[in-house]
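Presented sequentially are two complexes of subunit A, the first with subunit B as partner and the second with subunit C.
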Partner chain A sequence: MIKPLALQTWKFLKSIQFTIVLLALLMALVLLCTLAQVEMGTAGAVNAYMRSFIVWRQFTGLPFPLPVFPGAALVGLFLTINLVAKTLDIPRTLAKSGLLLVHVGLVVLFAGEFVAGMMQVDTNMSIEVGQTVNYVQSYKNFELAVIDVTDPTWDEVYSIPDTALSRGGAIAIPGTPLTVNVKKYFANAELSNLPAGQTSPATAGIGPGVLVVEQPTVTAESEMNQASAFVEPTAGGRSYGVWLASAAIGAPQAFTHEGHTYQLAMRLRRFYLPYAFTLKQFRHDVYPGTDIPKNFSSLVQVVNPSQKENREVLIYMNQPLRYEGKTFYQASFGKNDTLSVLSVVENPGWLLPYVSCVLVSIGLLVHFAIVLRRSLKRRQDKKEA
Partner chain B sequence: MRTLLAGVGLGLLALGCQRDQVAHYRVPRENQGAPGSPRPTAPPQPMGERTGMPGGASDVPPPPTPSAKAALKWSLPKGWSETPGEGMRFATFKAPYGGKFEATVVVLPGPAGGELANVNRWRGQIGLPPLDEPGLAKSRTALKTRAGALNIYDFTSEGKVKSRMVAGYISTPDGNTWFLKLTGDAGPVTKAKSDFTHLLESLHLD
Partner chain C sequence: MNFLTKYFSWLAGGLALALALSFALPSGKTRSFDAAGFGTLPILEGGRVKPLDSVARNALLVIHSRQGFRHENRTIGPDEWLLDVLFRPQVADQQPIFVIDDLDVLGLIGAKQTKARNYFSFTELGPHLDEIQKQAATAQPIAPQKRSRFQSAVINLFDRVYLYYKLRNTLQLAGSPGLGWELQSLGTSDANLRHQDLIQLAHFRILPPAAGAPPEAWQSVGQGLAAANTGGPLHPGLVPLARLNAAYVANNPAAFNQALADLNGVVNALKPDALGQAGREVVFNRAQPFFVGMIIFLAAFMAAALSWVYKPEVLRPTAYALLFSGAIVHTLGLAARIILQGRPPVTNLYSSAVFVGWGVVILGLIVEKMYRKGFGTAMASIFGFASLIVAQHLGEAGDTMEMMRAVLDSNFWLATHVVTITIGYSGTFLAGAIAIAYGVRKHVVAVPDVETDRVLADMAYGIICFALFFSFVGTVLGGIWADQSWGRFWGWDPKENGALLIVLWNAIILHARLIGFVRDRGIMVMALFGNIITALSWFGVNMLGVGLHSYGFMDEAFWALTAFCASQVILMGICYAPPRFWLPRHDSHA
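Right after this comes the complex of A and B.
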């Protein structure tokens, strides 16, 4: 009973009909995702439709979202199973080796997209001409930075990511006597003047006069969430009050514990690097007589003490710098062409699409050669007959 | 095969946990207000599409309630009207021009984080990078008013759809800091700038 059912399922999973259904679903997802970008922005729509197993939708009047469509991750998973099942069916003969290589190449391509979806980190680096920068910054994720600014030359930066803040509770900061109690975290909030008669949970800093109203999170490129949190730093059994840390508050706030001054700042999450880039020159060339861009390029000095490296690199459009597992693309510019913004992508599976292309190309060539040889042989046989 | 899958699973789990943990970095001291100091920034836009959005009302710490004596006063240009502020605003102006822009007054206690931090926050709101002290001095226009010295800043963003911000920054004798901002799409802001400058010139205390 079970065996025939399993066989039936296996047969269905590797059927061409299933492939066609999955491809149709993918096409529908591409269309839906493109339309959704108007409201959700590129990253939001890609996460909701392409990098999820189920597409959820919140209907008004319902307290929870409902699944409305299979996500591209689920469709991709079934497509991979379908492809692997089909690949296993291909006879391991020389005559079919080309086809086998093409299928393996496609499986590698799908695997690459799964690796990118799960492990890729997108950040950016903004550098002005003459400036040296040793960190990349997230586009959307925030951190509560607790910075020990006591040393006049060095800052000890302790970064609490928004994922940890959203869980709330006490977060001990390793290497310091501090514990930060997260009273309440808002992924997006609007700050306003506290109306008379109302009180704020904050007791220190500028927080006591501010009303914080939670807002739905935004995903469009042009919009920014204003992450905010009420936090209470404690150390040595002493509370330093409840502070409001918010991305909407520009000036950092500080308290002092046993001679150490700690600043609190909610900001876009930073990832410091063991190397630094100095922007030596930024070029924005246009076609003569027009404003049409011809070339953007950043000449950067890469200084990496651990590798004893100090060299110049030119990053320009379609010619990124791949360095220490990260890829730096020329992405934007500003400040009268004295600021360069590099888009930084870290994808452990970046090589997989290239491997896939090579496998598919070799597979097609091999298959073509085999078919050509067979065809020539047939023609020869016909002549001889 | 099972061992491999378990290994991959544990690896992903470890990676997920690592992303959640408190990270520690020891970094050379940054200059306050210099590029990279703690501040919210707009994400960079793709090449040629750097637009920036004018900031809303929720971008500043809470205002004190200025006493009637210390409150800043102004003369409205012809056709302009004024409504008392909502949220953190002291007042909002309505100008007789079309387009996407707004004129607001915000009052903050004390130095409100300093001129450089505030100017850089405004620049961030229209997608511009921060300035340092010499850059701030260069972009400042000083204006003498009956309420005291007023610093004016005028910034325009990059990109196809440009945003512009004209902002007046003034401290009153009671220690409060006042911001008068005209922000929005560059076209309508340019149209309203002359009126707004007259409003800034008319600032007084009594």
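Right after this comes the complex of A and C.
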């Protein structure tokens, strides 16, 4: 009883009828996602339609959203099963070799998108001309950095990611005698001068004069959260007061414990690299007599002590630098053309679409050549008959 | 078959080519002034060196939506018009060249709609300029896709008026005694102010880089005057230009032509390659290969349509010969653009329309050679014609050879991704066109002809395979380009989604055919729907105004696109309906 049913299901899953239904569903989703971008922005529409298993919709008058359509993640999952099953089924003969290549290529393409979706990490690197930077930073995530600045030649950085901050409580910092007690964390907040008569939870630094009002978090690409927290560093049973750390505060705040000076800073999360980039020159060329940008380029000195590498690289539009598993792209600029922003992408599957493109192109060419030859032969036979 | 019928097709094809050649030949002098020679002068505008003729044509297209106009019973060409704007603004100001279609804008300037199109001169607009500027300034901060129709129209009018205003203040300040007077007044008290105005308003830079200056350092007249005013050397081009100005105002053709020769000498000494380059572009401008091609394609279609009812043995080869001639002209035009621009054929929406049409025509020629039924010719010629019409409308936005923004500045990707994806569009459209022929033919012929239907279905199937190949490869190459420049392979950007829709649809057609889901008629209906998808992903996504690809926002084409899609839906119905469905069925019981 079970076996025939399973067999039936398997037969259905790999049928071409099912392929057609899935492709049609995918078309509908792509169209809906495109139209939704006008209202929701690209990221919102992609999350609602393409990265979800079910498309939900909130109807007015109903307290909860209703599922209205299968999401592209679900369709993609079935399409992958369908594709893999069908690919396994294609007879391994010369006549079908083109089709086999095409479908293997598609499997590789799907795998590439899956790897990108699961494992791609997007960060960026802002460098001013002359500056040396040895970290990339997150676009959205924050960290509370505790920096030991005692040694003038070397900063020792300890950091607490925003995920840990939002849980709150006491967080011991390994390698130091410090423990940071997170009193309150705001994923997004607005800071203003504290009106007379009100008091702040903060007791040290600039915090006591600042009013912190929690704000809803923002997700649009153009907007920035201002993460803020009241934290109390303690060491050796002694409190150093409650401090306000916020992404909206530029100036460093510091306290001293047993001869070590520690700075507190809320900042975009940084990932340190075993190498450093120095921006030697940034160019922003326009066509003569116009504002049309002709070229953006950053001339970067790459210094990697572990590889004993020290060389210049020019990063420009359509010409990224692939280095140590990361790819650095010329993305933006600022401060009167003295600041260059490189977007940094780490995607272990970046090569898969290239492989897929080659496989599918060859496969389609082979297959259509076979079909054309067969059709010409048929016409020839007809003529002779 | 007599001699004439045998060679009639050759004759027709040859005549079409002769027509094309006649356009490329230079015209005579205008009132004895060498206006055409003036149009060949190279200048720098929009980031590239081009002839004044291109400036004149593009400006007239933008302002007037045609490259010439009739005034006081005379046809005024672009070069003569530009001469008047530059040197005799009092004459040019009287010419009714500003076309205004929007009723609210007409109301704003206190005019009533009298004819189909309403033309106004700069003088007539004069009293309303302040109001136009005020309204445009209010509308400007609003994002283009959020503007009302009136706001778009008034900004459009303001931009055109401003372009005209800049042109008439580029070589001399309008209303001043001219460039010669400017040269004599160097060093006087308010000369500097006038030079600053000239620098501010200059639409193009006419003085080639002086000896020793960087190769891009073209100067406007204002810049040249300002340099001389502060004790620098006088640019050698200024004196002949001033003589040219004076001679044109004084109506002295001989002096004008002499001054032009001297100015050419200066350009030749400073920038020897610019004159030749500008000259080649002038020939291209004059030849208007895509306009001529459009006419030839229309003739080819009419011959093909006629061949189904009259003398097919003469008219079918004639249609093919005309299509072939049109293809030659079209190909030469494309090649000329590639050479002039130093870029692959597709660089913007305009050139994509030209290229899609070219792809359909070439594919049609091949299909016709293979199947010889006349359908390839007919459909290729009508689609070639339609795509060139679309291109002509897109070209009204101004210079079609504008410089490429940094992210697009990659000949490798323009040549691979953009060209393959555009060929994919061509394929999908040709398959749709064959489906139209199939659908219409089914109802027209009295006796069902199974064999021809089969051939048409074979054609459509083959072309869909071809289109799938190019649209898939083009889409993936686009992803790889995005990976190279933005760091992600796929971002669900509207243009990417559009390309994906074409791929998915073609894949659905092929799979549906594979399992016998659809037969000939079904494939044809699906191929017709492919027309809608391709049109939407080609133009529709640009109207959304979102995403990284929305370089060319368009608002007026919306209704044209809607009409096209509606027509395809109707054709799908016609294609699906049983043959001659409007006739009473006598044999229904048989």
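Operating definition for what follows: the second predicted complex is superposed on the first by the 290 of 385 C-alpha atoms of A that agree within 3 Å, B and C clash if a C-alpha of one lies under 4 Å from a C-alpha of the other, contacts with A are read in each partner's own complex, and residues count from 1 in each chain.
As a convention for this text, a contact is a pair of C-beta atoms (placed from the backbone, for glycine too) under 8 Å apart; a residue touches a chain by one contact, two chains touch by 3 or more.
Nothing here was measured: the structure is a model prediction, and the numbers come from that model.
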Subunit B versus subunit C as contact partner of A:88, first or second or both or neither: neither
Touched partner set for A:7, first subunit B, second subunit C, both or neither: neither
Partner chain in contact with A:156 - subunit B first, subunit C second, else both or neither: first
Which of subunit B and subunit C A:38 touches, first, second, both or neither: second
Which of subunit B and subunit C A:293 touches, first, second, both or neither: both
First (subunit B), second (subunit C), both or neither touched by A:329: second
Which superposed partner A:174 touches (first subunit B, second subunit C, both, neither): first
First (subunit B), second (subunit C), both or neither touched by A:369: neither
Doubly contacted subunit A residues - partners subunit C and subunit B: 293, 296, 317, 331, 343
In the complex with subunit B, residue positions of subunit A that touch it: 118-119, 124, 126-128, 131, 133-135, 137, 139-140, 145, 147, 149, 151-161, 163-164, 171-175, 190-194, 206, 209-210, 221-224, 226, 247-252, 263, 265, 267-268, 271-272, 293, 296, 317, 330-335, 339, 341, 343
Of subunit C, residues touching subunit A in the complex: 44-48, 204-205, 216-218, 402-403, 405-407, 409-410, 413, 458, 462, 465-466, 468-469, 472-473, 476-477, 479-481, 483-494, 497-498, 500-501, 504-505, 507-508, 511-512, 514-515, 517, 541, 544-547
Contact footprint of subunit C on subunit A as seen in their complex: 16-17, 19-20, 23-24, 26-27, 30-31, 33-35, 37-38, 41-42, 45-46, 50, 109, 112-113, 116, 120, 122, 286-290, 292-296, 317-320, 327, 329, 331, 343-345, 350, 353-354, 356-357, 360-361, 364-365, 368, 371-372, 375
Residues of subunit B that touch subunit A when the two form their complex: 12, 15, 19-30, 35-36, 38-48, 50-51, 53, 56-64, 86-88, 112-114, 117-118, 120-121, 127-129, 158
